[in-house]
Amino acid sequence: MEDFLTVFQMIGTAAFAISGAITAVHAGLDLFGIIALGVMTATAGGVIRDIILGIFPPIAFVNSMYVLTAALISVVVFLIARDEIRSGTSMNNHSFRVILLLGDSIGLGVFTTAGMYTAITRFSADNGFLVIFSGVVTGVGGGFLRDVSIHILPEIFSKHVYAVASIAGALISLYLFRHSDPYTAIYIGTGIIVLIRLLAARYRWSLPRVQS
Amino acid sequence: MEDFLTVFQMIGTAAFAISGAITAVHAGLDLFGIIALGVMTATAGGVIRDIILGIFPPIAFVNSMYVLTAALISVVVFLIARDEIRSGTSMNNHSFRVILLLGDSIGLGVFTTAGMYTAITRFSADNGFLVIFSGVVTGVGGGFLRDVSIHILPEIFSKHVYAVASIAGALISLYLFRHSDPYTAIYIGTGIIVLIRLLAARYRWSLPRVQS
Amino acid sequence: MEDFLTVFQMIGTAAFAISGAITAVHAGLDLFGIIALGVMTATAGGVIRDIILGIFPPIAFVNSMYVLTAALISVVVFLIARDEIRSGTSMNNHSFRVILLLGDSIGLGVFTTAGMYTAITRFSADNGFLVIFSGVVTGVGGGFLRDVSIHILPEIFSKHVYAVASIAGALISLYLFRHSDPYTAIYIGTGIIVLIRLLAARYRWSLPRVQS
């Protein structure tokens, strides 16, 4: 389980690093700004989770793999973006938005369920609220810090069912953590979160506003 | 005392949730954005306090009442705001600003003194600086995160004697914690903070600027 | 060593307070806004470091000297800025930028190496990544929060080799912590960080961008 979780979180780290690096490219940052925002987006959720659950130092400070993976991915995003522009075959905005959405959704899904699992192993699955709220905060934390740092309105305030997707997946995942095995709970929970996010983006689901 | 403090903090939570939700309505957020900002504003101060004082997980993660109360209040703010606009009897800007000011001031007062009380019970009242600084950071934390998230200049940097009100109330409250009972210290301290904020807003008190 | 470190960090605190207060003056804040941003910039790095390394309450909450020094320095910056404007002999933008750069660079250098030293004494110098990452986050934390709070793009995303300077100094400092004494490691590491920042600003070093 330990090894599985490390690999699983590495996928989430890579996905969030992509979203951070693309956001940084769009904002016109230089190479190091891109790496900094990629690393921050990829590690913030896990660091917030570890602080909330009382794990010191946070894992991202102890195991260098998370930061190094995020930095490497950010450099790759930089190189691709530069080549695209130089060769004049620059990806259209649509492709960029799809990759950004995918990275952000996978990161959201992975860190929500990984956050829940950490809360369960450190405490228990008894306090469902603690497990779900820890998972949701872990999931949304990276994207929140990414957007606030760069002065974009955080997606949690603006995007179609962003936190709703995380909460819905977390509820189903909690049920599976309690009545099934952790692998199933993590796979299904993550899948549901990504699916809801993609469906919401595709069909432009949105929540009611004060002025419609 | 335990029960009193829970009820007392619930009042502060509701007050900050109102301020967060109204700010979100003004910023044009959808229903979930309003709930997210309401919950974040209402819980951030307490979470920051618990982290500083070494309480893990923070109480807002263990006891669901805080988040649920804040979410419920945010939905109510949403419904009222929508009805106001639909019926054309929309509250004027003045009423909104008064409610926002009240919510924010009560939240500031409650969390400043509740933060002080937590610092005293966890450590002692001996280090007055620790008690006051913990209280002030707890008090201003929620509003700070609310404003930074939504890209408004935080009130602590701009509003008439915002942190000054918190510090003044905290100083008097510390004296009362040491020489009287906690109830008196909390009531008087909170009252002074709210009063200073209201008087400052009413009479437009302000501090000197570089260019006047 | 304890005394040396306190004095050393007080220098970093003063330097960061200057950078925070000048930034606040530029943003047109009133006296208390200037103090608030000065104190926040000066203490945030150390508070983040203590949270990451599991030190509760953070030292800036226990020892009032840090907050009081930062507040005093901020008042002095306010008075000088006001006198400059009143007497019409207002420092030109260039002088202001030089002082801001100096304060920020010294703060970055001091807190990077002080963060590393804290990580080493609390854990060990064995995990080089933990030591360096703790140092860099401590170093960049204050300036990051300063800029995000006031809605400026954080320097870590935009400035010539900002975090690169911190990382380079940290690498050399780590080598010296392991093979020499802490004083040497702290002095040389800090000196290198300040030097790189100043050279980068002087010769306008910058990193590649996507569109050049």
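Labels for the chains are A, B and C, by order of writing; each one numbers its residues from 1.
The criterion applied here is as follows: a contact is a pair of C-beta atoms (placed from the backbone, for glycine too) under 8 Å apart; a residue touches a chain by one contact, two chains touch by 3 or more.
Predicted, not measured: the structure shown is a model, and the values here were computed from it.
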Interface numbering overlap (same over half, different under half) for subunit A and subunit B: different
Equivalent-chain rotation between subunit C and subunit B, CA atoms, steps of 5 degrees: 120
Between subunit A and subunit B, centroid-to-centroid distance (C-alpha), Å: 29
Touching two or more other chains - residues of subunit C: 51, 148, 151
Subunit A contact footprint on subunit B (complex, rising order): 24-25, 27-34, 36-37, 47, 51, 56-58, 60-64, 67, 78, 81-82, 85, 148-151
Touching residues (chain side subunit A, partner subunit B) in the complex: 51-54, 119, 123, 127, 129-130, 133-134, 144, 148, 151, 153-154, 156-158, 161-164, 206-211
